[in-house]
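Chain naming follows the written order as A, B, C, D, E and F, and within any one chain the residues start at number 1.
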Amino acid sequence: MVNLPPLVHRLIELALEEDLGSGDITTEALVDEREGQARIRTKESCVICGLGIAGAVFEKLDSSVQFLSLIEEGSLAESGSYLAELKGPLASLLTGERTALNFLQRMCGVASLSRQFADRAAGRVVILDSRKTVPGWRWLDKMAVRTGGCTNHRMGLYDGVLIKDNHISVCGGITEGVRRARMKIPHGMSIEVEVDSLDGLREALDARVEIIMLDNFSPDKVADAVQITGGSALLEISGGITLDNLEDYIQSGEVDYISTGFMTHSALSKDISMEIM
Amino acid sequence: MVNLPPLVHRLIELALEEDLGSGDITTEALVDEREGQARIRTKESCVICGLGIAGAVFEKLDSSVQFLSLIEEGSLAESGSYLAELKGPLASLLTGERTALNFLQRMCGVASLSRQFADRAAGRVVILDSRKTVPGWRWLDKMAVRTGGCTNHRMGLYDGVLIKDNHISVCGGITEGVRRARMKIPHGMSIEVEVDSLDGLREALDARVEIIMLDNFSPDKVADAVQITGGSALLEISGGITLDNLEDYIQSGEVDYISTGFMTHSALSKDISMEIM
Amino acid sequence: MVNLPPLVHRLIELALEEDLGSGDITTEALVDEREGQARIRTKESCVICGLGIAGAVFEKLDSSVQFLSLIEEGSLAESGSYLAELKGPLASLLTGERTALNFLQRMCGVASLSRQFADRAAGRVVILDSRKTVPGWRWLDKMAVRTGGCTNHRMGLYDGVLIKDNHISVCGGITEGVRRARMKIPHGMSIEVEVDSLDGLREALDARVEIIMLDNFSPDKVADAVQITGGSALLEISGGITLDNLEDYIQSGEVDYISTGFMTHSALSKDISMEIM
Amino acid sequence: MVNLPPLVHRLIELALEEDLGSGDITTEALVDEREGQARIRTKESCVICGLGIAGAVFEKLDSSVQFLSLIEEGSLAESGSYLAELKGPLASLLTGERTALNFLQRMCGVASLSRQFADRAAGRVVILDSRKTVPGWRWLDKMAVRTGGCTNHRMGLYDGVLIKDNHISVCGGITEGVRRARMKIPHGMSIEVEVDSLDGLREALDARVEIIMLDNFSPDKVADAVQITGGSALLEISGGITLDNLEDYIQSGEVDYISTGFMTHSALSKDISMEIM
Amino acid sequence: MVNLPPLVHRLIELALEEDLGSGDITTEALVDEREGQARIRTKESCVICGLGIAGAVFEKLDSSVQFLSLIEEGSLAESGSYLAELKGPLASLLTGERTALNFLQRMCGVASLSRQFADRAAGRVVILDSRKTVPGWRWLDKMAVRTGGCTNHRMGLYDGVLIKDNHISVCGGITEGVRRARMKIPHGMSIEVEVDSLDGLREALDARVEIIMLDNFSPDKVADAVQITGGSALLEISGGITLDNLEDYIQSGEVDYISTGFMTHSALSKDISMEIM
Amino acid sequence: MVNLPPLVHRLIELALEEDLGSGDITTEALVDEREGQARIRTKESCVICGLGIAGAVFEKLDSSVQFLSLIEEGSLAESGSYLAELKGPLASLLTGERTALNFLQRMCGVASLSRQFADRAAGRVVILDSRKTVPGWRWLDKMAVRTGGCTNHRMGLYDGVLIKDNHISVCGGITEGVRRARMKIPHGMSIEVEVDSLDGLREALDARVEIIMLDNFSPDKVADAVQITGGSALLEISGGITLDNLEDYIQSGEVDYISTGFMTHSALSKDISMEIM
């Protein structure tokens, strides 16, 4: 696994602190210094994501715990299959269990939902996520999206220019917004503009932006947009995309991207548990 | 609002840092120093929770932003109603928008789901949450559960004794586990034991624990447990509780508590947006 | 030793930083990279507590230092006996010496004083500490109290309900205070109320609180309180308890707890030193 | 008050976090948003120190609390006198009470003990403290010593050169130690050497160190040391100084300094309380 | 000024802590609580940059200090002109002086050097900076470059794809490197490749990368590269660019960018001082 | 190497975070988990300083990277010579390269410039640095000065008393300033006063300060000052010292110290690179 960025370390520390506080009083009272083993098992079929994070939770709690993944990130695990084995002080295994599982359960949930999107898109369009992630979870949610087979939109406000409706209304129009952005556009970045009408699309095309986000367009309107654009900009469909209407949008015309917050704001945790052996 | 604990401040800082990184390049390029106003509006009916947190996000980003809640925490907002008004530098309003909404959307989601549980319980049993919260979000998820009308189980490992299956297997039995806990039990706390069978229940009753968690009991088995217990301990149903099977469990017998992770691990974000005026 | 909570790690870091600042200029000037050994020895008889913390100080300063405890936590060391052996870079041994000893000296002081209380109580009553600990030292002071043989009252404001005089005056009475607490009492916790008169005691009993703290009662008044209570609540004596008046209070009647801040706010450091071998 | 150094802010944050954790459950349950007033009063006569720190505790908890000192730092307060008045949300006054008092009680204790040393010295010798402070409390303990009327020895390992017994044994002698220190001595600093015998003293004098610490010398031996030194170095008595033997040492000869850890490692907290008005 | 990113706040805190440590002993000894005024003046002509940062230093030290800029960021100040006025506690003005000036002096130095590059380029080519900034100063160094009139290359490793020589040697060639990057390229970003020969250039062109960095090409070789490229990719000259050879490179052919670390790794601080009035 | 102070660890973390942000997207896309080797080489002759810091950068990024110094700190490396060898995951070597080099390049620059000063002084006078260091870099800049062969003035405001022009104007004169300092002077420290005239010098001599800084004196005026002082205080020349005028000042009279900010505020980074083998 790549080196985790500092913000992820800070989230893991936060998660341990909020659960442990001044100590795990039950485990301290009941469990002595014996070593033991445990296994993590999924109780439902899901795309696996986050075993490295679960391991990092135990590593931070007690670096003497050994965590061995039994399955590759991104693979589909059947219900009942074992995902990881742990060895170490029983007290640490018990104390870290819930926090590690809470990470793993959500990450598998996001990855599994993303896999559904990727499978339905079947390579016909690139499925992108959004910034509608759980606060504190940006990097993990986006990692799970990639693991599921979709692609990340910008990580945050710092690594992509996206001129949205509120920017446009403040600036006094798309043309002016793009003009300002062009003057300060960072080296190597494209300009993306969100439009909510075909008129907006035309204005954005005139301003020669590289990517245009069609916000809340119906599939029919998307078809019109594709025709108007004629390949002179990359097109991205956005707004209210779900698994149910994805096919309609894909068939509406040859767009480059479909972006959706659904994979991160509507993912359900998978049922995964740990058992002491 | 009560003073936010340090861990919540740390989560808000993390959330802002993961989104802003080295700066909001779009807003910095497009927006000057003008002041402006904005409104937050819900696009679907929901129980409101987290306006104070959304305000804290803007406060931390730029303390000159004024945030005025237009509705009380815990009240039911209709689709389309305005939740808050903001005044301040337009750049700060735009930069903080998504992070503030991401907090608010999830908190309203958890509170709304909890309200459904509370409404269906209708005072016949106390509905408790669990520690199956999003890592980093323990305090916020539990605050949303209370706002929805349910009750918090322990906040973490530090403020409640709960002897679970893994503790029991490590200890060599309920009786021994309770004996050890009794010796070190913190002043003013009760002992709760998780049991997975009627035999376990009887052993826990013999050990005179104050609260017994019936883990994954069917409604019928709960009825037996209530009879066996005869009021000599508080009973808590746990495991697999959803909105669908809640009524069956409530009718299964007079238990004191039903606890569920569903309200926090399966909440969907509500659709809430901000518009510049 | 159990995993140290983050706050203890932060205190140890603080302690090292306040002493080292920009560096130990004496040691850096005088000592080269040679390795060496040292021993920690007590110059007065005391109950040992904090060797794990002393070891953690050196671990944090220089993880190549090896720290070997020679005596068990909680045992009584005679004057002159060796408590620990250290091996590692001489510079690190010299630089960490004072900080490690400062921790150890106070912790042995608190544990020794607590042992005196425990010995005099001789099992007839549970001796509790209080929140009158040195700021930053809550967990360590309470750990030393346990090591001495007494029991911890709540760790902080978050893991126990204690309605004190100031709460009562703000609420308008014990009855109202208990009513409000009962509505929000966390799962698995008892309510404790502080009373300063027999009338207060009667009101608290009527409100059916689980634990009643008799604040600044004379031994005679305690005797009356025990009689009035008749076993219908747990009783805790508090206020001005010292080693001198402890016996009077124990004999005043069958109470469950005696709590005192004396063990933590009036402990004197033990005389312990380190010598390079 | 001078700007508090970051380490003191960190200690105050630590102190609040260890007490509040996930929240003051009693106050949150009982107290609404009303404002109120409180007064801090000492129950025993003492030298006042730490009101600024107590104020900083409330400031950090809730910046809307107003804290007004009623007495100057360093003045002697009689038993029963009021030290400060507070206004603000009653909940914040109640939540911050114990942490603020714990700071104040210890600081007044250290300042009062230091005042006793200063009064007995009566200007005949400078009384210095040591690094035997409570870990985390270096700056506060030393501030209290100054407030009491004594003088600070170096703050830590970074702002003074002190060659102690362990350094000497590692270096192979005083002469060599001083030679090495002289080569790297920071601009504007003196060299101090600890000696445990008259031979050591003579070696230190030959090495022309500026300050010599006479460690654990009897008053008679101090007299000899003064004569041998003949004003060619500053002399500092150290080791086992208490209020009881202070006079003997002062009379033993004209030394410049007497240093002692007693003021900080053996101070008892003063009895100070807060009452809601 | 835009909101400062957290890393800049952390650098300012670091800078204050390294200078203040346990306190400004000179100012604490000499200066009472009086208020006063001061002025910041430049002793040499320079492009002004960093007044907002200097103000933030005082704000963090003591929020009661008022800092008023007298000149716009980016304007050219003549020697002797006043840059800012300050009001507040004299002690805080004196304590913060050097840290604030140290920031300002370097930032004006970088901005002034960048202005020289921008002036000489005179719009014929975009001058870019590099990642050769002072560690901890990335954002400030890059802000000063912009203030001087040049453009930022990527902020860090996270917001731009740049395949350098070491990547290519690890990957086994430009073609393979670009293939891998293309598969994972973040939404909205271009691929830049560094080449050190005309063969490398041709390979990069075949791989259809958007931007090609000509590393350490002579002006003659740049001319060849421009011809070979024929407008099918953006070209960036890099390696050993100084004010002295800049003109040669500009005249070597129509490239899009010239990037250089010179503006940040070789800037000299400007002579700026503060005087109490 | 001595243990690094916490502020240096914080700077290294800051430097890594500002460069890595949410991840090294190029390396993550191109480089797999293979291990490899690299070498650091200087492209110009310089005094080596900071290899330990470069090693600490890699250690913090990925503790599995092994960093082996090939040359001693403080030695003069010829152009082209190898400074260090690294082994470890290729991805980590590539990701840490620039940050490690940025540290090393500046530290070698400062050390090399300091060596020039030390060589020219040739032991005739002690060359001191100043507090004109890059913010965040105090300890590293001063370490490089020592490595170059010069001596450190005080580290910060906390470990030396220096009464400067602004202090004197606030105090109402040198005499009064020294009087106040004398009352609070920390144990073991000298008083230094900055004077800008021979009258100031005489006043400082009357006040019996230990060290006098002659600020912006011409060489002739320094000669007068030396005569007036006649050995009754240590003298330090300061203000506008460069390599060019150093000899004039050294020959102006027998002063003890010459202090200059030139070594730190005007050092240029050395050209050092890393190559994958």
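Throughout what follows, a residue touches a chain if its C-beta (ideal position, glycine included) is under 8 Å from a C-beta of that chain, and two chains touch if they have at least 3 such contacts.
Not measured: the values here are computed from a predicted model.
Q: Based on the averaged CA atom positions, which chain is farthest from subunit B?
A: Greatest centre separation from subunit B goes to chain F.
Q: Could you label the subunit B-subunit D interface same or different, taking same to mean over half of its residue numbers are used by both chains?
A: Different, since most residue numbers here occur in only one copy.
Q: If you average the CA coordinates per chain, which chain's centre is most distant from that of subunit D?
A: A
Q: When the centre of a chain is set as the mean of its C-alpha atoms, what distance in Å lies between subunit C and subunit D?
A: About 22 Å, centre to centre.
Q: Between subunit A and subunit E, what is the separation of their C-alpha centroids in Å?
A: Computed value for the inter-centroid distance: 33 Å.
Q: Give, as an integer number of Å, the spacing between the C-alpha centres of subunit E and subunit C.
A: The mean C-alpha positions of subunit C and subunit E differ by 53 Å.
Q: So which stretches of subunit C touch two or more other chains?
A: If we look for residues of subunit C contacting two or more partner chains, we find 7, 17-18, 20-24, 28, 95, 138-139, 155-156, 158-162, 186, 189.
Q: Show which residues of subunit D lie in contact with subunit B when the two form their complex.
A: 13, 16-17, 20-24, 28, 61-62, 91-92, 95
Q: Quick one: which bits of subunit F touch subunit B in the complex? Just the residue numbers, please.
A: 18, 21-22
Q: What residues on subunit C touch subunit D, complex-wise?
A: These residues of subunit C touch subunit D: 7, 10-12, 14-15, 17-31, 34, 36, 38, 90, 94-95, 97-99, 102-103, 105-106, 131-139, 155-164, 166-167, 169-171, 177, 180-181, 183-186, 189, 265-266, 268-269, 274-276.
Q: Provide the residue numbers of subunit C that touch subunit B in the complex, in ascending order.
A: Checking each residue of subunit C against subunit B gives 128, 151-155, 158-162, 186-190, 192, 210-211, 257.
Q: Taking the complex as given, what residues does subunit F use to touch subunit C?
A: 2-3, 5-7, 138-139, 155-156, 158-159
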